[in-house]
Structure formats: C-alpha cells, structure tokens
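In the two complexes below, subunit A is the common chain; its partner is subunit B in one and subunit C in the other.
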Partner chain A sequence: MKFRCERDTLAEALATAQRAVASRNGALPVLFDLRITAIADAIELVGSDLEITNRVTVPAAVEQTGVAVLPKILGDVVRKLEAGPVTVEVEGDEAKVSSGVFATTLRLKAVEEYPRILATDGAGAKVDAHLLAGALRQVVKAASKDEMRPPLTGVLVAARPGGTGIRLVATDSYRLALRDLDGVSMLEDGQKVLVAAKGLNEVQRLAGDGEITVVLGEREAVFRTDKAEVTVRLIEADFPNYEQLIPQGYPNRLVVPKEAFREAVERVTVVGQGRDNANVRLQMSTGGGLELSVSAADVGTSTGHLDAKYEGADLTIAFNPQFLLDGIDAVDASEIALETVDHLKPATLRPADGGDFLYLLMPVRTA
Partner chain B sequence: MFLHVDLDAFFASVEQLLDPDLAGRPVVVAGLGRRGVVCAASYEARPYGVHSALPTAIARRLCPHAVFLAPRFHLYEDHSRRVMAILDDVTPLVEQLSIDEAFLDVRGVRRLHGDATAVATAIRARVHDEVGLAASVGGATTKFLAKIASDLAKPDGQLVVAPGKELEVLHPLPVQRLWGVGPKTLARLERLGVQTVGDVARLPVESLVHAVGDAHGRHLHALAHNRDERVVVVERDTRSIGNEETFAHDLTDRAAVERELTRLADRVAQRLRAADVEARTITLKARYGDFTTLTRARTLGAATAVSTVISATARELLGSVDVARGLRLLGISGAQLVATAAEQQGTLNLGALTEETERDERRAAVERAVDAVRARFGSGALAPATLLDVEPRSSERS
Partner chain C sequence: MPNGRSGDACETVRVRLIVARCSVEYKGRLAARLAPAVRLLVLKRDGSIAVHSDTKAYKPLNWMSPPCVIEHRERQITATTAKGESLVIELDEVLSDQTFDLGDDPGLDKDGVEAELQELLAARVAALGDDLELIRREYPTDIGPVDLLCRDSSGRTIVVEVKRVGEIAGVEQLLRYCERLERDSRFAPTAGMFVAERIKPQARVFAESRGVRCIEVDIAELRGDIDHLTLF
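So, the complex of A and B:
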C-alpha cells in the first residue's frame, strides 16, 4: 500500500475515525487501532469500538492499493507534520509516514484481527442534514450517560402514528426531550428503534450540508453524511413509557425571551459553580415577572429579575441550573414558555408559539 | 467549611481548673519516673522551652519552679467527653481525632447556628462557660488548613480563613507546617531552595516527586495548593444514632421481633432526620436470654433516614439470628452519618427503571410529614400500623 494525501485532509479524516476508536480499558486491543484501505483514487479510514463505527473516505493519490491496520497515534504523527503532502507507504511489517525531511515508521497490526465492518448498501431514507442535526442537538443531551441503565443511554426514534414523520425522545430520568420531525420517513408504520446517544452525537457532528442517508438494519443504524459514515448499534431494550409523563395542561405559564432568560440564569449561576445544591430558584408572580436566585453555601448568593409575562398562581420552583440551561438551549425559538403545575411536578420548556419540541424537567425538591 | 477544635494545653489546663492554686503558675503534666516525658505543659511553662514529648528530667532543668504532676487520665477523659458533647450539639458531623481535638463539618448548620465564625465563637464560649477550659478553633474550606488555623490561633483564640483567602494564609508559612514534612523531607526541600509553603506551591510537581518520591511529592503539592479532599469521618462506634430495647420477657416469636424492629427503626429514622443526617450503615444488635450478644451490619448503597428502608435492612440482618432461642434485647443503629442533602433532584416516573428511587422518595416525604405531625401533637400521634395493637414498651433506652 502506498498513497499520498494533503496533511490537512488526512489529519481531519484521521481525527474523525479516531473519535470512534475504543477509549475504555478492557476493549479488544485491536479496537484501539485504525484501519486504512487504499483504493483506486481514495483512502478509507475506519475507527470502531463496535458500538460506533466512523468511516471516512478522502481523495488521495494512490500508487499501490492495499489494507493496513495502524495504531491511532498515526493521527498525532500526521497532525504534527508540516503542511503539504504526506506519504504513507507499507514496507515489510512497518508503515512509513513521511513529509519532506521528516519520517516516522509505525509497526503494522494484524489486518485479519480487525473486526469485519458490515457493508451498508441498501438505499435508505434521505433526510435533510440541517433538519436532522438540529433535532439531534435538541434531544441527545437529555439521554443518560449511566451505563447501568441501558435503555436511557439511547434516543428513541419512533414513527409517528399515521405515518407522518418521526419522533425523537431521550431522557435521563431527570429531564426528557422530545422532538417531532414532520415529513421525514425512515421508519415503517409503528416501527421504533433505540439508537445509542453517543453515536448520534457523532452524526450531529458530521452532518454537513445536503442530505443524510439513513439505513436501518437489524442491529445497527447507518448514517451517511457527505463527510463520513457513522454506524451506530441499536440498543435492545424497551424505552420507558414516556407519554404519560407529559401533563395535558398547565395552570401556570411564563413567557420569556430565550436569550435574556439564558443570560439571566447563567449570571446567577456563577456563584454556585462546582457546588452541589446550588440550585436556581425561579419565583414567578403575576405582574411581578420572574425573580431568579442562587444561593451557594460558603460562597454567596446571586439574585436577578427578568420582565416576563406570567399567568397563574404565585410559585417558587427550583431547578438544577445545568439541566435548566440545557433546556433553554434546546428550545429553538426567540421566546420560551415555561409551564408549571406546582413546585414538585415536572415543568415544561417549549417554544412560546407551540411547535414541535418540548423539554420536560423535574424540579429540585427544596426544604 | 470545616472547623478544627483544639483544647489548649489540655491536661495541664484541667489540673489548673481543678486546683485554683495552680492558676497562673507553670504546670507540667509528665511521667515522673526516670525516663518520663512531658504530656502537657501549661502556657506559663512554655516560655522556658518546655513542650510535650520533652524528657521530664530536661523539663525540670529548664523550669525548676514549675509544678510537676503525674497524669490523671480519668479526669481528662471526663472533661473531654463534656467538650465533645458540646460539639455534638452543634452538628452530628464530628470527627474526634484524639482526647483534645476534633474536626467539625459545619456546612449544614448555617441556618441553625450561623456562619463558621459564629459557630467557632459559640463553641469557645460554651467550652469556657460550661467546662471551664480554653479551646482554640481554626476554620477553613479544608481540614488541613482548619488544623493549621487553630494552631495559628493558639492560645485561646480563633481564626477562620475566608474562602478565597486560603493561599494568602498558607503560603507565607514555613514549610514544616505541611503534614508529612519531617527533618528528612525538610532537608531535601531545602536543597531545592524551599523555605515556605508558597515555595512548595511554586515548584513543578515533577521536581517535588523527584526530590521526595511520587506519592509524597504529589501529596505535598496538593497541600501547598490547599487541596485536601478529605471529609469529616464520623467515627463508626462513637458516632452513631441508635435505639435499643430490653424486654420484660424474652421474645421468641419472629412476628413480635419484627414488630419491635419496625418500632426501633421508626425511632432511629426520626432521630436521624431530627439531626439532619442520613446513615450509610445499619447495625442490628441482638442479645439472647443468656446475655450472648451479636451484632450484624450492612452498608447501604445510599445513605438513608427512611424508617422503612432501615427496618427492611434490619429484618434482613435478623435472618442470621436464632429468634427461637429467646431475645432479651434488640437494637438498631445507623452509622457512617452524612449530612442530608437539603435539596433533592426530582425523578420522572419511568416505571421499573425508577421505581426504587421513587418509592424511597415518597416514603421520605411521608416520614417528613410524620415528623411534622409528631412535633405538633406528640410522638404518639402517629405510628406505623403494625404497632397499633401493641402496648408501648417501658424499658427503652438509647
């Protein structure tokens, strides 16, 4: 195998493949490596921890086709080289990476030990890349990182009843994010799958312009963007029944400009940075708008006021500041409605003019 | 915020307290034999160079006019207990280090007793008024610095280092102040030109590791930046909250025993909640009719002050107890106490996934409501239903 490729192109492709490489102890050793395949006028780079596989293809001047498995430091080696063309050449049991007067040799790993990455033919469904990436941005953050609760580490992708579009849902049991996407058809009627949230982060990251092709297999979902192809394992578990959690109506409704709300929360939260129990209290009253406060033991207290439209009973409710900020960020609108029942029941953040997104957030119980 | 409470010249102060003639005079409590050493020297004796661990013979030469006394430990223990009881009033989060010093975690008592400075002042006043001794108190965001602060405050003083001011206090101090800097380490550090704690802080951690070894070097580096992750560890045996009950007739019926456990768990839980703490470890104590006593303990995944969790744990522990042999005493205690989180993140009801969390949360809420009712209408106003047909026991103690 021998090819030449521009440093920047190669380094970026390696970084993408490398993100899927195993990072955890105990993984199969070969999963810490990268697989490179040189074909006619391009090279394909693959990194995988078996849960997520990133596959990138970039143009290269290939002199000799072939396959090699190399340690992932290849990425660091390439990044440190001078700008310009980089040559990678397999000689015996080593690969030589060179640029100008600098050269590094890396020991090859056994190609046959690298897991077989499934070919992903199949036509698949096409989704607008910006639309899908935007929806993922709103939802994926609410998924759990707790591997003891596998069903919550995924994002539910479900066909909406009646066959119009899909719904994305994620929850870590403290908050839940839900987004409906109209006119997207990648599922059959009634079909639903649970896709690992970590993989969907990659999809969001690699979404470019144009379209993303989604191919659903038995055990994995494949997302093909114009930059790379991400294969994500499906989680074999039932997503909890979330529909009953969403209150049908709310007695209290606060409407605030999104940016002002976010800034106000960030401003009062600083005092509690890195502290447990430095929750943000929202005090709402008709005519009085919104009072925010954070009190951190041993540090101090911050308070603030925001003009806001409020209808309902006077209420003080407390939230974990990060969860609240995640919710505010996720709402894609200039005005946010915060709807509440009381200081213990889940509250909802959504665009003030309705729309297809909601963020359900459990309050913090205060003494 | 941590407080370090240290009784000044403790043994000597107790002797001066008990014998007014000794007040104001140099007093040395020491082993009086040929190879005895000084246990404590009153502040009047210290200007002569007398300090603890000094051989008594040398102390006599340095300060011949001092009163030399053999230690009377039972008296010191008695006074120590009275001081520790005052500390326990402030917070259950007390870690007694020795007979005359203790750490307190006062983060949770702000609403009750005020900030660290106020708590320190109150402790010193109470120890002075109620026991008659002088205590020095240091306060800081780490245990390490709190102990240094109490040392700086001596005698009979207090120094609470405000958050953010830690390094200002710490860095000018000589490097010997750091825990673990003895003569050998000191010599190695001096070779690096280190004299103050600040000098240590400015050294790259690699140089420290090179000079004094890996673990030690990292440790010193952390301390010099006031990094000390240790929390107050409430002693397992002496710091627990428990109730026990002796029965007029030995119990042999498992159902009756389980009822008693429910009753005990209810009381222990209530006392834990009243103290604003939760217990990680639940211990069951059972004594047979022949006075053979056994204890069984289990550490829970999460600390609790919920009676149903405590009684369920106690019932599990009862599995290894031969009830038929006849029990004359039962006890439940909660240890490894931690301060109750005042605010708790709620959980969405996700069915089986969150069932356990929710059940415990609901019970905790119910029991807090029970506490409120009992506070208003007396402890008999509400009781677990399993106890309704049973006469209250009389010989309870805790």
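So, the complex of A and C:
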C-alpha cells in the first residue's frame, strides 16, 4: 500500500477516526489502532471500539492499493509534519510516513486481527443535519454513563403516532430529556430503537450544514454525514416507561430569562464546587421572585436573587446544580419555565412559550 | 498450596491458572481472534475466564464474565453465554495447570473512606443529631486535628472522631482531644462522639463507660441514596 495525501486533510481524517478508537481497559489490543484501506483514488480510515465506528474517506493519490492496521500514534505523527503532501508507504511489517526531509516508521499490526466490521446497506432516511444535531445536544446529556444500567446509556428514538415525526428521550434516572422532531421520518410506524448515547455525541460533532443519512440496521444505526460515517451500536434492552413519569399538571410555574438564570446558578454554585452535597436551593414566592442559595460545609454560602414571574404556592426546592445547569442549557429559548408540584416531585424545565422539548428533573431532599 | 491437576474437567470452585500455548477465538457481536502464543488463562470461582499476555498489567486480552458456561474438553476450553457469545480457547501445549483455594477474601481496605465519611458528615451534621451545628472540620489542636467540631443546642462543644471501623484506639484518641479542648474556655464544656461505619463491641463498651456517644453511620446513605431522589 502506498498513497499520498495532503497533511491537513489526512490529519483531520485521522483525528475523526481516532475518536472512536478504544480507550477503555480490556478492549482487544487491535482496537487501539486504526485500519487504513487505500482504494483507487481515496483512502478509508476506520477507528472502532465496537460500540462506535468512525469511517472517513478522503481523496488521496494512491500508487498501490492495500489495507494496513497502524497504531493511532499515526495521527500525532502526521499532525507534527510540515504542511504539504504526506506519503505513507507499507513495506513488510512497517509503514513509512514521510514528508519532505522527515520520515517515521511505524510497526504494523496484523490486519486479520482487526474485527470484521460489517457495512450496513440501504439508502436510509435523510434528516436535516442542523435539526438533528440540535436535538441531540438537548437530549444526549441526560443519558446515563453507568454501564451497569445499559438501557439508560442509550437514547430512545421512537416513531410518533401517525408518522408525524420522531421522539428522542434519554434519562439517567435523576433527569429525563425529551425532544419531538416534527416531520422527520426514519422509523416505521410504532418502531423504536435505543441508540448508544456515546455514539450520538460523535454524530453531533460531525453534523455539518447539509443532511445526515440515517440507516437503521438490525444491530446498529449508521449516520452518514458529509464528513464521515458513524456506526453506533443499538442497545438491546427495554427503555423505562418514561411517559408515566411526566406529571399531568403543575400548580407552580416560574418564568425566568434563560441567560440570567444560568448565570445566577453558576454564580452561586462556585462555593460548592467539587462537593457532592452542595445542592442549589431555589426559593420561589409570588411577588418575591427567585432566591438562590448554595451552602457548602466549612467553605461558605452563596446567595442571589433573580426577578422572575411566579405563580403558585411559596416553595423551596433543591437540585443538583450540574443537572440544573444541563437542563437550562438544553432549553432552546430566551425564557424558561420551571414547573413544580412540590419539593419532592419531579420538576420540569421547558421553553416558556411551550415548544417541543422538556427536561424533567428530580429534586434532592434538603436537610 | 498448589494442587497439580490435569485439565480434564473444569474446576469452578477454586481459582485455576493455566499457562499454555493457545489460540483464542471470540464470536458474538464481532469476531476476534488471538493468534497462537503462550498465555495465562485464569478461571475464577465466580465463573469468569480471562486470557492474559505478559503485558498490560491486570488487563486481559480477552475474557468472559459470568454468567457463562465453561466447558473443558481435551484440548479446548469453551465459554458460552446465554446470548450466544462464545470464547473458544484451543490449547496447543499446556505448560502448567494448577488450582488453588484462595479462601474467603477479607476485602480491600481503601484509604480515603474515613476522609469521605468526614466530608459527608460535615455536609450533613444533622445525621449525627438534629441539634448539631458544625463549627469546623479538621480543627487543629496541638495533638492533631479533630475530625469535626460541632455545637449542640445546649451550647456544648461536641468533639467528633470519625473512623471507618471503630476500635478502642480511636476512642482513646477522641478522649485525648476532649481533654485538650476542655482546657480551652472557648470550647468547654465538651462531649465526645465516636462515629464509624462499624464500631467494635469492646470499643463501644469503653466509649460509653467514658460518656462518649457512639453512632454507626451508613456511608451509602450519606453519599446521597437518601438525598438523591430518582424518577424511577
């Protein structure tokens, strides 16, 4: 195998493929490497940890086709080279990477040890990339990172009744994010799949301005962007029955400007940084607006006030500050409504003027 | 003591260590193969099997976690799961095959548990008494820092010593702090409180005979199992 490719093009492609390379303990050793295939006038780079596979194809001047598995350090080597064409040539059990007067040889790994990653055929559905990436940004953060609870590490993608669109839902049991996307059809009526959230982060990152093609296979979902193809494992597990968790109505409603709310929460939580129990306490009263406070033992206390519209009974409720900030960030509106039942039942953050997103957040019990 | 044994049946009660030239094939969500080489196979009492090389510290090259069915035929060990995943180890040459009974493990004593307990209790001194108020954590004295210094509703200074496991030595340490602080007019009168995840009976008897209150706490509860309500 021998090819030549512009440094910047190759470095960017390597960085994309490299993001999917295994980083966890216990993976197959070969999954810490990259597979490169040189075909007629392009090279394909694949990185995979078997949950996510990033496949990037970039133009290259290929003198000799072939396939090789190279250590992921190739990315660092290429990035440090001077701008200009980079030549990669495989000879025996080594690959020589050269540009101008610089050259590096890298030991190859056995191609046959690299897992056979199946390609998913099918035309798939086309979705506006900007729309999908925006929805994923709102939802994916609420998914759990706890691998002991597999169903919660995924994002539920479900068809809405009557083919009116899809719904994305993620939860880690402390909060739940839900976004409806009207007019998007990638599922059969009644169909739902659970897609590994980690992979959807990658889809967000690679989404450009055009369209994303989504192909749903039996065990994986493939997202083709204009930059790369991301294959994400489907999780074979039942997602919790989330609909019953959403309260039917709320007696209390606070409306507050999003940016001011976020800044106020960030300001008062500084005193509790790094302390698990330093929750943010919100005290709401009609005519009194919103009082915020955080208290951290042997550090101190922060308080703040925010003008806000409040309807309902006087209420003090506390939240995990990071979960609250994630929810505020996820709401795509200039004004946020915080709806509550009491200090122990789930509260909801959503755009003040309604919309197609909600963030359900469990309070924490205060002493 | 090692028990030399031939590998004709799979030992599941004891840990079994096999050093063998072998090849390994995994079939499941993907297909993966390890070419023939000398490797260490570890079969544990928990029903797991792990294939190690002479690198990567504790990390196996491949493994199968329980529940799985492990079968050992003449030159082959197979582990299969209910989901249809399989790990097939072809044994070309067995260099060593031994089993050991490791007995019950006493568990890992982790540094930092006491510090975490102390931090959690400082954040919620109410877990030790409704009327307690934290004066300071790690209050320095000439003979060392007091874990938690609190005040109760009657104005007494409560000197709290936090341990993972409460033993007599910890009670003695607490009594020394109390005696020291009793001399300081800012803190007198004082009372001792001995807090641990588990307090040994002798330590409890000794503490209570000196007027020290003993409290056992659950670190999981303090960590937030109580505070962090969940949606489901």
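Just a few scattered comments:
What we mean here is this: the second predicted complex is superposed on the first by the 367 of 367 C-alpha atoms of A that agree within 3 Å, B and C clash if a C-alpha of one lies under 4 Å from a C-alpha of the other, contacts with A are read in each partner's own complex, and residues count from 1 in each chain.
We take it that a residue touches a chain if its C-beta (ideal position, glycine included) is under 8 Å from a C-beta of that chain, and two chains touch if they have at least 3 such contacts.
Fair warning: this is a prediction, and the values are worked out from it, not measured in the lab.
Aligning the two structures on subunit A places subunit B and subunit C in a clash. By the touch criterion defined above, A:V271 lies against neither subunit B nor subunit C after alignment on the C-alpha atoms of chain A.
When the two structures are aligned on the shared chain, A:L50 is found in touch with subunit C, with no touch to subunit B. In the superposed model, A:P29 lies in contact with subunit C only, and not with subunit B. By the touch criterion stated above, A:P151 is placed in contact with subunit B alone, subunit C being left untouched.
Of the two partner chains, subunit C is the only one touched by A:R219; subunit B is not.
For subunit A, the partner that touches more of its residues is C, with subunit B and subunit C as the two candidates. By the document's definition of touching, neither partner reaches A:V111: not subunit B, not subunit C.
Once the two complexes are laid over each other on the shared chain, residue contacts for A:A296 go to subunit C alone; subunit B is not touched. The clash between subunit C and subunit B in the superposition falls on 221-229, which is one of the stretches 41-49, 59-67, 77-85 or 221-229.
Residues 171, 173-176, 240, 245, 276-277, 279, 297-298, 320, 344, 346, 360, 362-365, 367 of subunit A contact both subunit B in one complex and subunit C in the other. Interface residues of subunit C facing subunit A in the complex, by the touch rule stated above, are 29-35, 56, 59-63, 119-120, 122-126, 134, 136-138, 223-224, 226-232. For subunit B in complex with subunit A, the touching residues are 1, 107-108, 110, 141, 163, 341-354, 357.
Interface residues of subunit A, counted against subunit B in their complex, comprise 149, 151-152, 171, 173-176, 240-242, 244-245, 276-277, 279, 297-299, 318, 320, 344, 346, 360, 362-367. For subunit A in complex with subunit C, the touching residues are 25-26, 28-30, 50, 110, 112-113, 115-117, 171, 173-176, 219, 233, 240, 245, 275-279, 296-298, 320, 344, 346, 360, 362-365, 367.
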